[in-house]
């Protein structure tokens, strides 16, 4: 029995509210259960030095949590610097979004995706990838509407979900009470039926290949549901 | 004529939405026109070292802006450290809120108020003080309900508004287009009819005492309006 | 009764010794009672990037305290970084001095004013502004003598003084024993009869508008006395 | 055809030289082809604060590269701080080794495993995990010999290998020329037949589940070879 | 011929003004030619952790330069951190002063000596050691007068002087024009006729043992002169 | 009697193994007794800004210790920044090597020498200078072979050894047990019969000139032995 009463293969409720800030070229507030992330996409006509005059675009991401996004207040990273965990997450988000972008079609410009967690209840990096893609797509749509980009550099959504082994059972979309107890925890990033990234780790235990395959089945199902919501949000 | 079409002594629309995050003891989203700030109050039963065994409580504040709260994206402070401006603002918020607290009645505990700007359009420090007080009051109410605090340590709201000289005229509640052009810019923090803090500065110009008195009249009127909304929000 | 035996509206003794270091283009040691600040002005023919090719000059300031300028030794900022308080003060000094400069007449060059407190007894930021202006004026005089600046970019001195409510009474020019006890503390920066900056704050209390007006009266009187000494020093 | 002429499922030569420094409780120099890593294990009778009086042991890891371990000299991290990549790698090494430790049997003490890359040619994190386990095992053996640990907290070796899709083919144990060209790159950490961690990512492309399964087959085979060498080294 | 017209073995004028700040337990302003250093000694009844309950005292030093102590303005270390040069110098000052202290007689307390260069013209580290000893001695005298220290922990002064090979000639007490041209530059710290520290280095050249012996002769003579002035200053 | 049983003027065994890493232009592993340092020389065709278009070359050095090079594990500098001691040592190594280089003959390029201590037993800075010179010479030889440098910019080796007063006796080449007990400790850098740098310091004691002369005699003898080994290594 899951703490939330969900079935083993049941996602939390997903909602994606777009255009929630007036300044950003693309933005959304994604809610996956009680995990709420504010995502913005900022277009910058300058690329990083290593891409100058390459004709290629770039997508990168930054991630943060408000200090009281969590059950107990965390120290503010602006005062203490980004933790290793934060850096790891924002590298993952950037890599994942880039894998779903045609960088030639985007043209020599950079889009910075900011994912800021307003309220956390497990799965913040996965929600950030899903919401980040929506913000990115909205920014790209604006570029296309303005004629600055001709051919759409984004095809299918990039989605991500966590799966893990909780109380001996493979479960989909872990919330915080599950995540903090799970022996094995995996994050799966997909686009359509193809994989972009798999991170599956055990803290203080191990898992069999058979167990892992079940996590992958759940992830495939979860990502399909997420993609539907993402497509709806940007239509 | 003000860019927004407002009268010289007209505040922007104010809205305060409370309890917008499930983790914090008190929280609100305050909107003063297009300036939107998320405020949370976190109760910590430990006080800073200099207050241990003093019987006195403490209130402190931290301030931040999401990178794309502004028209062009700013660098993330978690990567670069807090700017002098950020530190100045959070010290002001903390001092202002403390001036409205009976620290004996609060008891030996600390409340940390986090003010994070989601969208900026001028006056973020003033909105943070107003919203911060609401979050603080909600947290204190919870402590009183739980019997941890007996006598209410907060009386009248602490409010703040900016006034300045724009196009040669004293105006109330500057928005960003006014703020960036104003020769003189002041922030006034009040509680009831009494003053907590005045910061009035001229960049590259000067002002007469007579002009300053007019700013103060406007500020008194603006704070009275804000206090009404704050009282409503916590009722 | 004030700890020093001064009248409520009595300044401490002021002395300004000029040209106290052989390297700087302008320099002075200002003493306001037992507060001693070494001020130097350094001319730099390069302006910050945002002013290149603008034809406009710039004045900026930095502030520091020697570790044993205070009654008990403070940690050295070179080892720990500048505190928020230090940054706030040096921003104030720079803003104040700039307000008294005709940046077109100065021409496209920068003057950096360094204010280093040798001995502190309250009011270090105000003494820094007064002494900083003297150093700045001396450096400008040298530029004019050399023919690098034609029309004097400085007119009346920029002066600053603190006033506060001590033991229930408004007093002028707080020394450290007063400052550490005062419920309300204000810094007033003026040039001639005009205002440049007002910072008045209450820590853990509040003040009436009437009280504030009395502080402002005292400040106007104190700045007039300071200006006389500044004018003498640069003659 | 692989640049090195190896078969698709062929590991590089593995050598593990133990006890290569006189100070550390356990140490080895592991060579996987031209990737050479110096691993030491340091026993500390103190555990981190969160484990005090828990009776549980802890294993953690730190990772570094000498500046000229690479084809072109990298900046020294002691001067610039650890990069996000470095932090990510050392967190992976620590997590992986902990998964193979019985922390009750280890007792309340900490072992710090340092992995310093002397020469890099791809796969440094995997070599670090393999060599790190050997150093850890030697330190544990010393503790057991001294009677400080009774029951062996380590059973089978923890091994790791990278696999990827190079020139369209799944290959085992990527060297640097392959790694820098591979569209998909995965690191697999195993103990016996069980999995500890999977990290598989695509930069700017995607992969099918079928392709991933082939990488996993290769990794299983490679880890089995590594485990044999690790067992030999500590016998 | 030396730029200053001094003889090869001629020191610059030395002056030591004591008690120049009201807060410090001991203080002086030492002038060696145009090199001016403000030295304070601060008594702290707490020792560093490694000396607690040892019965032994400690003396340590910190060094800094005001930004405009030099011909062109240097960046403020409070903004950029202490340079390697600064750290090297303050370690030297601390080591040198400690060598002249009977740490048992001092008792379990710490004295921090701050040396801040007001104006630099070569030889700032040597002037700091000489002036630092004077400040230290004055602080110790106060402790003895108060009965907190019984037996004098300081005997003969600790003195320091630089010598170098300038224009092919060994010269005593280099000023800045000599220092910046000298091929070999040495700092010698002495107490009475005994040596505490020798640092002699060649940048881009070498020196013979015979040349070095001549530097040492000059240093011995210079330190004797300095010691006389130091003794006078504390009498 | 020395702890190692060596005679007062007896060096430890010296061994220099060259070309121990495939990437660096020059490299060696130097062993002086149980002190083992890995030295690499990296050629960079760019010089630092202050040398651009000067026609002069540059040699600089960086120094580090692996965390478990010592008897108890030290904190990793990549996590905590370089200590003052580390900076002092790497400045010494760079200065020493530069003194032995004809910078015109080297041509406008930079060589960075990295010295990383694998195992420490006293005298790591001296071993680094000796091994650093060997790596530098090998890199220069490669440049000469390639025709990029015509005339050899290095003549005699740069060597360094420590001497000190241990148990009242002047001894050559201190190992760690001696170094940690020695009242006086000196490092001597020489090339042929000429001196490059002398650093001799007493912690908490003093020494006579006569004692110092004996240290210098020992150093001259030790450097001669080291130079022989260095010449052999690069032949």
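Odds and ends about this structure:
The letters A, B, C, D, E and F name the chains in turn, as written, and every chain counts its residues from 1.
Basically, a residue touches a chain if its C-beta (ideal position, glycine included) is under 8 Å from a C-beta of that chain, and two chains touch if they have at least 3 such contacts.
Being a predicted model, the structure only gives us computed values, none of them experimental.
With steps allowed only between chains in touch, the distance from subunit C over to subunit E comes to 1. Each chain gets one centre point, the mean of its Cα atoms, and the points for subunit A and subunit F are 51 Å apart. Centre-to-centre spacing of subunit A and subunit D amounts to 28 Å, using the average Cα coordinate of each chain. Remark: ring traversal beginning at subunit B, heading first to subunit C, gives the chain order B, C, E, F, D, A. Chain contact summary for the complex, subunit A toward subunit D: residues 84, 87-88, 91, 95, 98-100, 103, 186, 191, 193-209, 212, 216, 220.
Note for the complex: subunit C touches subunit E at residues 21-24, 27, 34, 38, 40, 42, 44, 62, 64, 66-73, 76-79, 81-82, 86, 112, 114, 116, 118-119.
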